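Multiple structures follow.
Each of the next two complexes has subunit A plus one more chain, namely subunit B in the first and subunit C in the second.
So, the complex of A and B:
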């Protein structure tokens, strides 16, 4: 079964072709990061207008790369939520309409299910059940993936996502966007042990997160400092270490509480080297999918959708993006 | 009004007491730098409606809706808007009806496209605490 996957929930327009027998055939992406860098973040409506311009050429380019035609598709999978309504509308409209025109089934995919299953695109695939730590600009959560389609949220951020804390902290320190790489780079010149930042919510049970207070703590520390480049580097390091430690502590707890031995890291923050090093010290099999499958991509949507389509699931010919869509509803 | 907020608890209490002044809809502007306590204020505000759950930052989603005690409350964060006009494209006008309570962070990012505020709160850093002007 050949499936076209379409992802447009935030700032990436991405498409992919997944064949249930042959695996991933091709995937392409157009990132709006540069466009958004100017504003220090995702600009919702710029995002949707850009998706409109990019998505059709992307699909055409993808088919050309794989030497296939639209008529050879057996199904279409598109991200229906959660995400920014204007952006979701683009992928949902084109995905559902193409399927109607081609007379093939279409399935709405939950963006987070895509992220949770993205590691399955790697060989060897991680062993089920696994714990997934999803850390990005919009999300920070720990999910128990018992089997495909069965997800239990163990904990999540009660306020800012980890990636968002990186972005905002970078902005406060006058570093670039996206904040993650900017802080990681600056932190290299930082001196260890000069500051002790809090590890939010680690002194109480549970695996929920909160990064808003840490952001404020960082700002206050910065304002009280002499604000030299060295101070900036020291604070960037202290902040990064606090986030990494917090994520490590919560992952350890999640593994213990579920008695699971497999941990998968997804989401853009997973690219952080310090985080990778720390998580590798855990007494568990830790897998980091390729970065291109960690951040938003079309392959994960094509893959997750292909599993649902293969089971005979499909949507009615109706366009219903879902900006809010709890994953527990799946 | 001018009020010194010594800690997080004080910001929560201010949110709670202001919420009690709104018996139907309304628009509240929340001004202040990153980390000044705007979202904390919203958390306190929602407590007045017996909501003690997570108050996620709407920076990424633009708006987080709450349906509490048969009230519609919308928490906006316009930080990422590049141009005020984008608010119009996003269909945000639909949110500003007379029964809705709209709390708006970074309102200046949508200057000219927002309804008039019933209350405008400014949070400033002052020593270890915050100064609230409204």
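So, the complex of A and C:
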């Protein structure tokens, strides 16, 4: 079964072709990061305008790259939520209408299920059951995956998402947007052990997260410092180490609590090298998707969609973006 | 000639199927229901005409100005369907379609179409009759009601939501040239289809990937640099 996947939940337009026998055939992405950087964050209206410009040409380019035609598709999967309503609207409109026009089934994919399953695009595939740590711009989740489609949320962030904390902290330090890569880069020049930042919510039981206090702590530390470039680097490093440590502690707990030995990482923050190194020290099999599949991409949507289509799921001929769509509803 | 038309620029939602001299229309006033309604409307029209998408010559869509999300719904649906069936796409002005509608309803040869553009502005277009087809006499624009181009022709017909939303300002400025006002007239795919005919004959079409809305309002956010300058 050949499936086209379309992702447009935030600031990346992405498409991919996944074949249930041959695997991932091609994927393409257009990132709006530079556009929004000028504005200091994602401007929803501009994101929507870019999606409607880019998605169809991306689909055409993708088919060309894979040397396939639309008529060879067996189904279309698109991100229906959660995300920016206007951005989701574009992908769902194009995806659903294209499927209607081709007379093939369409399926609405949950963006976080896409992220969660992204590690399955790699060989060897992670073994089920696994624990997934989902750390992105909008989410911080620990999910127990007994089998595909069966997700139990073990813990989540009570306030800011991990990526959001990176982004906001970077903004405070004047490091630009997106903040994750900027902090990681700056932290390279940081000196270890100068600061001791809190590891929020690690001294009580449970696997929930909270990053808002850490963000405030970082700001206060920065304001009290002499605000040199070296201070900035030292603080960036201390902040990153605190986030990474916190995630590590919670992953360890989640693995223990479920007696599971497989951990998969997904979401944009999963691109963080310090996090990768730390998690690899865990006594478990840890799988990461390649960097480009950590952040938003079409491949994860095509893949998640192909599994649902294979089970016979499909959407009626309605355009149904779901900006708020709890993963627990799956 | 067979043209499918899609219109979702305002609180109305419609699709139309033109087959030579005949047009079938599905129309509903349904704020925020466009996403639920539009594809079934298309399916119904095709079914009733016993046609497949691939048998059409082109898809026309209401390219704006209008509500941003609404414009993207029509554009997205058009891109998807046209890509699937490899059809030519004809973008049609929403305001022109309203003027065409006014011409058919009231027989007026000079029509001013204006939609509420929010933030105290209007989308504005003026049209004249050229052999039964309404043509623009000035370029469409977005502006304050008090700064709309003065209508120079007497006995005009005014249509569109702006005439209700900004009734006082617009009447003060333009009232003397108007003989009729219908602020409840909404764009309909029927007239999108009709206006697409000439463009199709003149091969003024674009590829699915080039189908884009015309927003008129392009300054929707301030960059960091702009904010600092204005602070």
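To be clear about the criterion, the second predicted complex is superposed on the first by the 330 of 330 C-alpha atoms of A that agree within 3 Å, B and C clash if a C-alpha of one lies under 4 Å from a C-alpha of the other, contacts with A are read in each partner's own complex, and residues count from 1 in each chain.
Heads up, the rule we're going with is that contacts are C-beta pairs under 8 Å (C-beta built on N, C-alpha and C of every residue); 3 or more make two chains touch, one makes a residue touch a chain.
Predicted, not measured: the structure shown is a model, and the values here were computed from it.
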Partner chain(s) touched by A:158 [first = subunit B, second = subunit C, both, neither]: first
Partner chain(s) touched by A:101 [first = subunit B, second = subunit C, both, neither]: second
Contacts of A:52 with subunit B and subunit C, given as first, second, both or neither: second
Touched partner set for A:86, first subunit B, second subunit C, both or neither: both
First, second, both or neither for A:321, with subunit B first and subunit C second: second
Which superposed partner A:172 touches (first subunit B, second subunit C, both, neither): first
Set intersection of subunit A contacts, subunit C complex versus subunit B complex: 38-40, 43, 45-46, 48-49, 85-86
Complex contacts: residues of subunit A adjacent to subunit C: 38-40, 43, 45-46, 48-49, 52-53, 55-57, 59-60, 70, 85-86, 89-90, 92-102, 317-321
Complex contacts: residues of subunit B adjacent to subunit A: 33-35, 37, 39-40, 54-57, 59-62, 65, 79-82, 86, 89-91, 125
In the complex, subunit A residues that touch subunit B: 10, 36, 38-46, 48-49, 82, 84-86, 137-138, 156-161, 164, 168, 171-172, 208, 212, 215-216, 219-220, 223, 323-324
Subunit A contact footprint on subunit C (complex, rising order): 35-36, 38-40, 42-43, 53, 68-69, 72-73, 75-85, 208-209, 211-213, 215, 220-225
